[in-house]
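What follows is a single structure, and I will ask about it in a moment.
Here the chain labels run A, B and C in written order, and each chain numbers its own residues starting at 1.
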Amino acid sequence: MVSLRLRSACAHNEQSAGMAGLVASVIPRLYTAAFGLAALAAGLALQSQSASALPAYARQTGQTCATCHTAFPELTPFGRQFKLMGYTSGGTRCDDGSAKSEETQIPLAVMAWPATYTSYKNKAANPTSPPNSINDNDWLPGQFSLFVAGQYYCNVGGFAQMTYDRPGNGFSWDLTDIKYAKTTTVDGIPMVYGIAATNVPGISDPWNTLNAGFNFPWIVSEVAPTPTAATMLGGNTWGGRVGGVGAYVWVNNMFYAEIASYGALDPRALTDVGVDPTDGTARFSGGAPYWRFAAEKTWDKNSLMIGTFGMYANVTPTNAGVGNILNIPPQALALGGVTDPFLDIGLDSQYQWIGEHNAVTVRATYVWEHQKLNVEYNPLIGTAANPTDELNDLNINASYIYDRKISLTVGYFATWGTSDTGLYSNYNGNGSPNSNGWNFDLAYLPFMDGGPDLWPWFNARIGVLYTHYDEFNGTSGLNYSTNYATNNALVKASGNDTVFFYTWLMF
Amino acid sequence: MKPIKITVAALAIACSSVFALAGHAQVRSCNAGAGAESWPIEPDKYVTRNCAFCHGPGVQGRAVAPRLAGQHADYIVKQIEYFRDKSRNGVFALRYMSHVAVQIQPDYECEVAAYIESLPPEPAADNGNKALVPVGEALFQGGSPGDNIPACIFCHGQEGQGVGRFPRLGGLSYNYLQRRLTQWGEGFHSNAEIMPGVASKLSPDQIEAVASYLSYVK
Amino acid sequence: MKASSLRLAVQAAVLAVLIPGTGVAGELQDKIDYCKNCHGASGQGFRGFYTAPRLAGQQVQYLENQFKAISEHRRDNPIAKKFMVPVLESVPLGMRPAIAKHFSELDPRPADGGPGNLVAAGKKIYEEGIPDENVPACAACHGPDAKGSDMVPRLAGQFYPYLVAQLKGWGKGYRSKDPVNVTDDNTMLPIATAMTGEQIAAVSAYLSYQR
């Protein structure tokens, strides 16, 4: 899974170097906890006299990946329910009489991308190579992650990922969603309620529509160029840079409501979790509320969800702005109550049909953002040309999965909004934040119905993602590429087209 | 021939087939007291922890997973055995339940099944064809003697409530009933006593009618 | 018999012999299989929500008499009316002897048994009757092996609850007339009504285990 790579939503420094320019990506989850390599021997020794007939009986639910996923990371209604109930289903680590056996389960899993290959359409002739740079057209091992995922104890469970990222900064805390959840009945209506501690706004959501780690594109190159402008929620700006606590309910298997509050990690905390606090990404002051409401109906093989979500944050832009003549740190302004309030309101929908052999899922997500640029518009500090800006993100995609083995996903994405020559500079100077294009992902997943005999919980996704841009950072024509390997070379929008081949293994 | 000696206690076990019937698998009869000395489970918490994420919090059914609430314990136990040995070989059964069933320990399966039977069932009332309900009811009550289709109520009861190893059908989801009846006609789960023979005689219209009727039964 | 119907009968018989599963022979097999849905794969009886009695080893004459009585709405106990009347409407008259013959030749073990502790008392009643209440020995008509003869039914291996229900049924007024001489009282009427509930249970339990 790709570690959280965040884009600064208010990047007035569009030349943001390196890792900050990369889009956060989806991280698949594995609750069928396989043993980590280090725990393998111990795990085998712990397999005691179980009534089970399955070898390597270590998975918490004892089921194959196909129960909860159509093609990981995309979830089925059962996978969504598993997440909503707090990741503890099937767990045996509780003395409340719910354990199905005496077997101990170790909630560890490992993910690896042993081989990835990224190719850009326009290659740089002789790129300057800063240290740790990656040339295009490169084979390179992708990230490696360790998960502590599943039932931790009784009704507490979660998904916690630590990622070692090449090219990168060593280990970092990645997607984390820790829940305490209870199931009850009120007036005959079943209800699940819980609290969650997370580091990504929207990660608690069980549908694959929010850009919080599990949406499409499922996996992206760590070195591909990506557009600069994005809304807070549409671009997962805050993923991994915040900590938050929320509460949620799931009523009658139909209605979902979640409210959370997030606080931005300070630079010391960011360093502790493995994020570079100087990468140009903004922060926000105080608490930022987040909300999410959804209604889903499932009937036989179908399910349909419509929902809304949003977030409000008092953004404090970085003080790397060209206009910050007096070098006033925006955090100081925030103490005086001067920030850039950002409001995101989103709408999303998902329809899914899962047949005996094939599955189809269609998703649409739209985010509208209003930015009140008190700081950025101040001529002494910021660079914005407008006192307020609006920004929109749209992501529409559809997956078809054949026989649980071959997955084809096609998606259209678009970002558009108020032109602001101060915030968004590009080669033709139109100040437009707009980008749009298409993603095509084709993947082979041979083990959704069970892994090889030697390791039944092994799963793999081997595929290729082709990303095509019709417009990139405000123009379809020549523009500065954000691909730092090409280092300010001018390319057309489609010059950022990327082919990304990946091997994504789960143990 | 000497009469078979059977204790009164064993005879007090209602409804279940302790004797093999024409080569079908023997099923343990379930006594609510069984399992008390085995792995100590609390059935309500067990069901919530292990069954609810597919069958719904009250095991009233969700997506393709059918309602279990109110289903007869003997029937549940028998189905668990069918899932274990893969006699129930529909695609969903193999994909989901075959892996589940091997994890249910025989020591406590009767206790879990008895708890599930005690849960009040709710009718699915989902997308059955309401216009066909009278046709389905007539077929369910009387069968179709001219087509050699027996009256369903003979095993499943006047209101489809079932008993012992004969499942409660009233209020199950239309899609689930339709799929099961169709699959028997296609050769799946071929050792399910008389159901393969009966279901394979039903036309698709008859299946639609009787499944629709049953899905609305309270 | 007319020449044409004789010819048809010969043709049907030839077909039935040469090509089983087709035509008349196929229909007969289908109908027998239909009976076995409720009466058991070997005719041993079946207990679903309702109970269908054992037909295996039953006397052909008795079966045919019951078919006729049910069809003519003269067998009036509720389950027979509910299930068997519509069933027999679908069974052509010409097919019935073959069905009866088929079941009469089956010989499975008893499928279920009554309370074992009553068997000894039941055996005594079966073999000696209850002289104090003018109940003759059942064996006198039903045979020492309880297999009956001609129009007297086999009782050996019949379901315990079915036997109890039938014996008690005479007390409730069901089956009060003879199935053949329909104006006469049923032979069993004075016998069954003279027995107590415990005696009925005992003799039924004994019979349910007879092979």
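Methods note: a contact is a pair of C-beta atoms (placed from the backbone, for glycine too) under 8 Å apart; a residue touches a chain by one contact, two chains touch by 3 or more.
It should be emphasised that the depicted structure is a prediction, and the values quoted were computed from it without experimental measurement.
Following the contact convention of this document, no chain is adjacent to both chain B and chain C. Comparing chain C-alpha centroids with the centroid of the full set of protein C-alpha atoms picks out B as the closest. Of all chain pairs, the one linked by the largest number of contacting C-beta pairs is A-B. Distance between chain B and chain C, defined via averaged C-alpha coordinates, is recorded as 31 Å. As a whole-number value, the distance joining the C-alpha centres of chain A and chain C reads 72 Å. If you average the CA atoms of chain A and of chain B, the two centres end up 42 Å from each other. Residue positions of chain C in touch with at least two other chains are not found. Of all residues in chain A, none touches two or more other chains. Counting partners per residue, chain B has no residue that reaches two or more other chains. Contact residues of chain A toward chain B in the complex are 51-54, 61-64, 66-67, 76-78, 81-82, 85, 88-91, 94, 96-102, 183, 185, 190-192, 253, 298-301, 303, 354, 356-357, 449. Listing the residues of chain B that touch chain A in their complex gives 39-43, 45-46, 48-50, 52-54, 56-58, 60, 62-65, 84, 90-92, 95-96, 99-100, 102-107, 126-127, 173, 175-176.
Against chain C, the residues of chain B that register as touching in their complex are 1, 3-8, 11, 15, 19, 21-22, 142-143, 145-146, 148-151, 153-158, 161-163, 166, 194, 197-198.
Looking at the complex, you find that chain C touches chain B at residues 30-31, 33-34, 37-38, 40-42, 47-50, 52, 83, 86-87, 89-90, 111-113, 115-117, 119, 206, 209-211.
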